[in-house]
Amino acid sequence: MEIVEIIKVVVAGIICWLNFVLIDTYFGLPEKPGVLGAKTIGEKIRDIGGNIHGGYFMGNIVCSPDASAGTLLASIMSYLMGVEGGIIAALLVWIGNRLCADPGYAGTIGALTITAIIYLLSPIIEAKYFIAGMVLAIFTIQGFEHKYASILLGKIAKKMNRGE
Amino acid sequence: MEVLPLISGICCILGGIGVILHTNPINKIIMFALLEVGMIGLIVSSYYLDIAIISSLCEPICTIILLLGYLKYITTIKKKKKYGRDLPVLSK
Amino acid sequence: MDIVEIIIGVIALLMAIRIFLTRSRARKLLYLCCLSFCISALIALYVDSPMGGIVAITYFVCSTLSSNAIAYTIEQAKDIE
Amino acid sequence: MGDIAILYLTSLIISLIVALILKLPLIPKEKPVRFSFQTSIIFPTPILALGIEAIFRNLFGNYIVLAVFAGLFGALLSKYSDKLFGEP
């Protein structure tokens, strides 16, 4: 039975990865550093041999709650409260975004889309596996190997016409 | 054997050692943030949820006060060095 | 002991050790961000009631504010020196 | 099920009407849209109204009056968010 659970976690992780990377790239995170702190992280990533636009992406995730935070918090609230929890999470993520001097398009739209996906997939994959999947997805970008992750993010940004 | 108290305890111990061992002030503040992470985890693991909300609201405020003090310290050192370079005129 | 909690716990342990060992200041912030994702998920899985969700959201937003301030200060300190 | 849908629809429609009365623009005037801080009818107003309605329904119960107030508060929060959070 453990094998089935691990397969569910991996599939949920792939869905969450596609969700937050595509939404963040579409709303222009790799294009420019939104706040001053993201600039220094991007230049640091460039110094160790990565891509500068991937570095801006990582810095913007650290400095304000974007679609990654929206995905995690909406899956937590929909595990605890059902569909209404996702809407409450979208409201609170918008307030957090405005506190960090960010327009807040990416966070709320990411939260609403993951709520819809969890509601559609709930007979097959429960919301508990999406939490672990989101942690696994953020681990592959922020925690595993910064150089290659930033090169991959830069290629995706170039393909979607955001940044160079 | 639960997972949350175990991870929080390890974070507290590592943060406490790191605050002593690192020498750069920014590194000390980052290690202090790691210690606060473990502290909030330990509070939640004994179900004191209201205290957890209050302490996680107060955490960025105390970090910002420490950082303001650090910036003031750097600026003071810079000004004193410039003033010290001008001083030898008096000592001649 | 659930398989979901074990996966998140292993990732959190790895991140705590990597924060302690990395030398660069800017890369420590990236690992700290990943650690706060893990702790926020663990809080929600441990408490298992709507109040736990409120605690998780409050904790995550406030830790983001704190790391925003630290990154801003690194840039300012580089400017002054 | 039908009652809950009616409550959410009420708060959504009330928030749109109040936003029209307060003269919010339909979409932000600055281009490109994804970097502008200006609030408009399409983006934050319906989400704020639905979120406040969800919080009210979980705290106090299913009343139609609370849905009307939720729509009113959502539109007001969307209009005056610049004064509340500070200009960027």
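As written, the chains take the letters A, B, C and D, and residue 1 is the first residue of each chain.
One rule holds in what follows: a residue touches a chain if its C-beta (ideal position, glycine included) is under 8 Å from a C-beta of that chain, and two chains touch if they have at least 3 such contacts.
Nothing here was measured: the structure is a model prediction, and the numbers come from that model.
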More contacting C-beta pairs: A-C or A-D? The answer is A-C
Chain C-chain D separation of Cα centroids, rounded to whole Å: 31
Between chain A and chain C, what's the gap in Å when you average each chain's C-alpha atoms? 14
When the C-alpha atoms of chain A and chain D are each averaged to a single point, how far apart are the two points in Å? 25
Distance in whole angstrom between the CA centres of chain A and chain B is 27
For chain D, what residues touch not just one other chain but two or more? 58
Among the residues of chain A, pick out those that touch two or more other chains and give their numbers. 81, 92, 99
Using the touch definition from the top, which residues of chain B touch two or more other chains? none
Classify the chain contact graph as line, ring, star, complete or other. line
According to the definition already given, which pairs of chains are in contact? A-C, A-D, B-C
Taking the complex as given, what residues does chain A use to touch chain D? 27-28, 81, 84, 87-88, 90-92, 94, 98-99, 101, 103-105, 108, 112
Touching residues (chain side chain D, partner chain A) in the complex: 32, 34-37, 43-44, 47-48, 50-52, 54-55, 57-58, 81, 85, 88
Any idea which chain C residues touch chain B in the complex? 1, 5-6, 8-9, 12-13, 16-17, 19-20, 25, 28-29, 32, 35-36, 38-39, 42-43, 46-47, 51-52, 54-55, 58-59, 62-63, 65-67, 69-70, 73-74, 76-77, 80-81
In the complex with chain C, residue positions of chain A that touch it: 2, 5-6, 9, 35-41, 44, 58-59, 61-65, 68-69, 72-73, 76-77, 79-81, 85, 89, 92-93, 95-96, 99-100, 128-129, 131-132, 134-136, 138-139, 142-143, 146
Chain C to chain A touching residues, read off their complex: 3-4, 7-8, 11, 14-15, 18, 24, 26-27, 29-31, 33-34, 37-38, 40-41, 44-45, 48-50, 52-53, 56-57, 60-61, 64-65, 67-68, 70-72, 74-76, 78
